[in-house]
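For reference, chains read A, B and C in written order, and residue numbers begin at 1 within each chain.
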Amino acid sequence: MKRLIASLLAGSICAYTFLGCSSQNVSTQSVTDSTGKTDKVITIDFPTTWVGVSTSAPWFKNREEEFNKKYAGKYKLDVEEIAGDQNYVNKIKVLYASNSLPDVIAAGGYNLIDMMQSKLVDLAPYLMEDPTWKAHISTEGLQVNSRGNKVYGIPIDKQVMGYFYNKALFKKAGIDKLANTWDEFFLQADKLKAAGITPFSMDTADSGWVTSLMLGAMIGQTDAGETFMNHAQPKNYNAPEFIDAATNIQKMFQNYTTSDAVGGKYENAASNFFAGKTAIIANGPWMISSFYDTTMAPDGFGDRVGVAAYPGNVMYDSGKIGFNVAAKTPEKIEAAIAFVKFMTSDESQRINLEMNGSIPDSPTVTSSKVKPLVTQTIRLGKNASRKINDFQSLWYANVVDEISVQYPLLAEGKITPTQFATALTAVAAKNK
Amino acid sequence: MILLKVAKRNIVLFLLPCLALFAFIYLFPTVIVFFTSFFNWQAGSSMTFAGISNYLSAFSDFSFLKSFENTFIWAFLQSVIHVSIGTILAVILSRKRKGWKVFRSIFMIPNVISSAALGIIFLNLFSPQIGLVNSVIGAILGKPFQWNWFFSDKTAFFTVTLTWLLYAGLITIIMLAAIQAVPEDVLEAAKIDGASQRQIDFMITLPLVRTSLGTCVIIAATSMLREFDLIFLTTSGGPGISTLNLPLYIYKTALNENNYGYANMMGVLLIVMGVAIVYVINKLFRMDETDI
Amino acid sequence: MNQKISTGTVVAAVFRWIFLTFITVISVGPLCWIMMSSFKTNQEILSSAFSLPSTFNFKGYIDALNLSPIFQYFLNSVIIAFASTALSVMVVAMAAYIIARTKFHGSKFIILMLSSSLLIPTAALLMPIYIIMAQTGLYDTRLGLVVVYAALGLPTSFFILRSHFQSIPHEIEEAAYLDGCSFLHTFISIVLPMAKSGLATAGILQFLTSWNEFMFALILTKSNKVRTLPLAMTYFTSQFSFNYTAMFAALVLAILPSILIYVLMQEQITGSLVSGSVKG
């Protein structure tokens, strides 16, 4: 026994020596980085979620290699891999609270600008210096990333979403044209049910994305609703258009969807659609490539899918929050801006469009190397009568989180749509 | 109680490393948590002194009250049910019947699986459409059964409570070690006196491992006061607030609402509740005394 | 002596076997399910949880290795878990021994203080500990995680060891002191061997804490050189994309060696757990 203790002690001492000698990264912002002489390579700290199973991972790998090649000897990317959007946001918040934000942030559309404004670099002066760069940014994109005259983000893509439907199942149920009103929409749902098909894919977990897109589209069919669905951080959800939409959502949960919708995650909703169990799912164009992925969907599924605008010709079509810069020293800011310019360049956006179906922000980027559904989505967005923004980009974070736990109550009939609206309003009020 | 006389120098020497480690990691955070609970502190704005207003708001905050209640109930359930199950298992294994070492390893397996995986496993187990539980019930009833265990208001709390059953393995490990540390001669004497195995278990061994039992109860109760992963990964506190507990509510307040002052206030209340529970258990199991 | 097999004994035996079987099923069941799922496609996993896979291909495993730096993370987890366990157990054993054997001004306070640290919610600790690590140069180092994990497990280890020391009879130590042994020498060569099972228990719990810990690993590290296994699991699902096959494959890659290590260490450290008895 004595020998064991001794060897344990020896072992741990060795471990410590080893650990101490292993290279340490003392790379926090609070350590003053030296001088930025012209012969020294400047590193750009960039945490990202575009790793692992994220659809943007291959695109980002491509961009990272190109950037490091283009600026070899001058700038180098120091990438921190943070898989999972929630993990990413959590870490950025901790870094923010400790005054150690990284040089460049890309939160995937999540709005950090309002919270971290004081530590973000205002990019307006740099845009003024480079008019060609500014010209490539869409008006909606610029507007959503600005606060007053200051610009805190540079967008790379736009949010354009309708809903996908299974053409084969529609045919089976005898539906031959798309619904123009929500009444027609529900009549079609009844037809699907009569043909033994579950109409909608829905979910509630992780902010109930798929469900909330439907909710937002229903709200957006009137003038007041369209205004609401473009208004940032609303505090009051008690409007009639919201409650009407919530009533419909309750109906959908109770009669028109699968039994695993309540508590379901995105993967449950998606896989029901892929398997042909449901006929309609609301989601964005990044889903299109999975229609052609045989580990997810049956062979040839992509050809059986159509994309449509929501009844009333409503489409999600809005600017998205893009890259933020939080670098501290002039050299780092310059490097960070070079990186952001590179990432948001027309070429990057084009490759993003081709690889991921991400709708580019820049009005001048097009490509023929995309799936037809992507082109259709873009066209539907352009021709929409009403354009709205999605709830995750607009609403307070705690409301987005709260909606996940309120949906099950609404679905079970434990609360009325009015109470649903009141609950969200109460939670929104907690934000000062 | 018999104590050793130990030179002061040795006392300090032996306590110092532990206290140093403790101070290094916990001192600064504890001070911040305590201090900022008296402030209005939200991310993105400056801190303003708020006196006890955070504490006062807590008592009219329905979510706080419910999460406090849930936490307390779960701590109680875990201490009673899981400790009982774990102890019974430990007693069974202590007989050293064939294969006990294998069982000892088996019971630890769930603890090695990351909670992310356990969350998915439970969600699938209780899934309304494809879950095993519903399939079995459906087979017994003869017709399809699609109850939504985790997300129906009536059964959410119960289902979440079930998910912690797997942690009884940890209790078993602790109790097993304690039972096997009971001096042989005491057990021999009892056997010679004619006591049955069960009598020995309950009248002699259990009282002697009293302090370890108390430790297990403390560990079980306090683990519920910190439990976060499995709830977050399954119901996230829902439906509504029926499965919300304090750590989860604190997490949501801090990371979704960015209200650090309020979150830290709840942290202080959590610490106070926990220390009170530990104190009570300490007294209940007379853990400051030794019998030998 | 007459061994009468009463119905009571039979009932007890039946109860015992049902109990053991039940616990075994719920302990091993999840693992079996994970292994089975690692061979199924995403479609199969999500459409019927308990069917058998249609083919036994290893694509999931290949994807797991491509999507995440799992081996590197695994190695880091092993190093960090062992180091933090050694640190925690050593440091806490000394303190727990003192608290168990002596009484002095402030011992009650120390106990309360250590209990309180058991309860501080992680969300509250993230930012202060990050600042500490950053200021001391321990951010993004394995040593930083070792120290933090040892501290996180400190209260639990303390309670376990304290009650364990209390249950060890002290006659042998007293005899050693009377013989003239120094305090330190007695502790190392006599007390610790007797407390082997308690040390092992505390060690196992500490190991598990370090092994499964996620939040601090995320916040306190940055580079793949340093990161641990729980972070590897995040690479397989994102908000709109998922690869359950690869995730379950990664889990199998992580769990099987863990179980092996656990089983081996059990034998090494605990050996014969019939120690602690007083000889003559």
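Note that contacts are C-beta pairs under 8 Å (C-beta built on N, C-alpha and C of every residue); 3 or more make two chains touch, one makes a residue touch a chain.
On a predicted model such as this, the values are computed, not experimentally measured, just so you know.
Farthest from chain B, judged by the mean position of CA atoms in each chain, is A.
When chain pairs are compared by contacting C-beta pairs, B-C ranks highest. Here the CA centre of chain A is 36 Å from the CA centre of chain B. Centroid to centroid, with C-alpha atoms defining each point, chain B and chain C lie 15 Å apart. In chain A, the residues that reach two or more other chains under the touch definition are 90, 97. Within chain B, contacts with two or more other chains are made by residues 127, 130, 255. For chain C, residues that reach two or more other chains under the stated contact definition are 47, 87, 90, 131, 234, 244.
On chain B, the positions that touch chain A within their shared complex are 42-45, 123, 127-130, 146, 148, 150-153, 235-241, 252, 255-260. Put simply, chain B touches chain C in their complex at residues 2-7, 10-11, 13-15, 17-19, 21-22, 24-26, 28-30, 32-33, 85, 88-89, 92, 101, 103-118, 120-121, 124-125, 127, 130-132, 135, 165-166, 168-170, 173-174, 176-178, 180-185, 198, 208-209, 211-212, 214-215, 218-219, 222, 225-226, 228-229, 246-247, 250-251, 254-255, 263-264, 266-267, 270-271, 273-275, 278-279, 282, 287, 290, 292. Residues 89-90, 93, 96-97, 114-118, 204-205, 258-260, 262-263, 397-398, 401, 404-406, 408-409, 412, 414-415, 430-432 of chain A are the ones touching chain B in the complex. On chain C, the positions that touch chain A within their shared complex are 41-43, 46-47, 59, 67-68, 79, 82-83, 86-87, 90, 126-127, 130-131, 134-135, 137, 139-143, 146, 188-189, 192-193, 196, 218-219, 222-226, 231, 234-246, 268-269. The part of chain A that touches chain C in the complex is made up of residues 1-2, 4-5, 8-9, 11-12, 15-16, 19-20, 22-28, 30, 47, 49, 51-55, 80-85, 87, 90-91, 94-95, 97-98, 100, 206, 209, 266-268, 271, 274-275, 283-284, 286-287, 290, 295-298.
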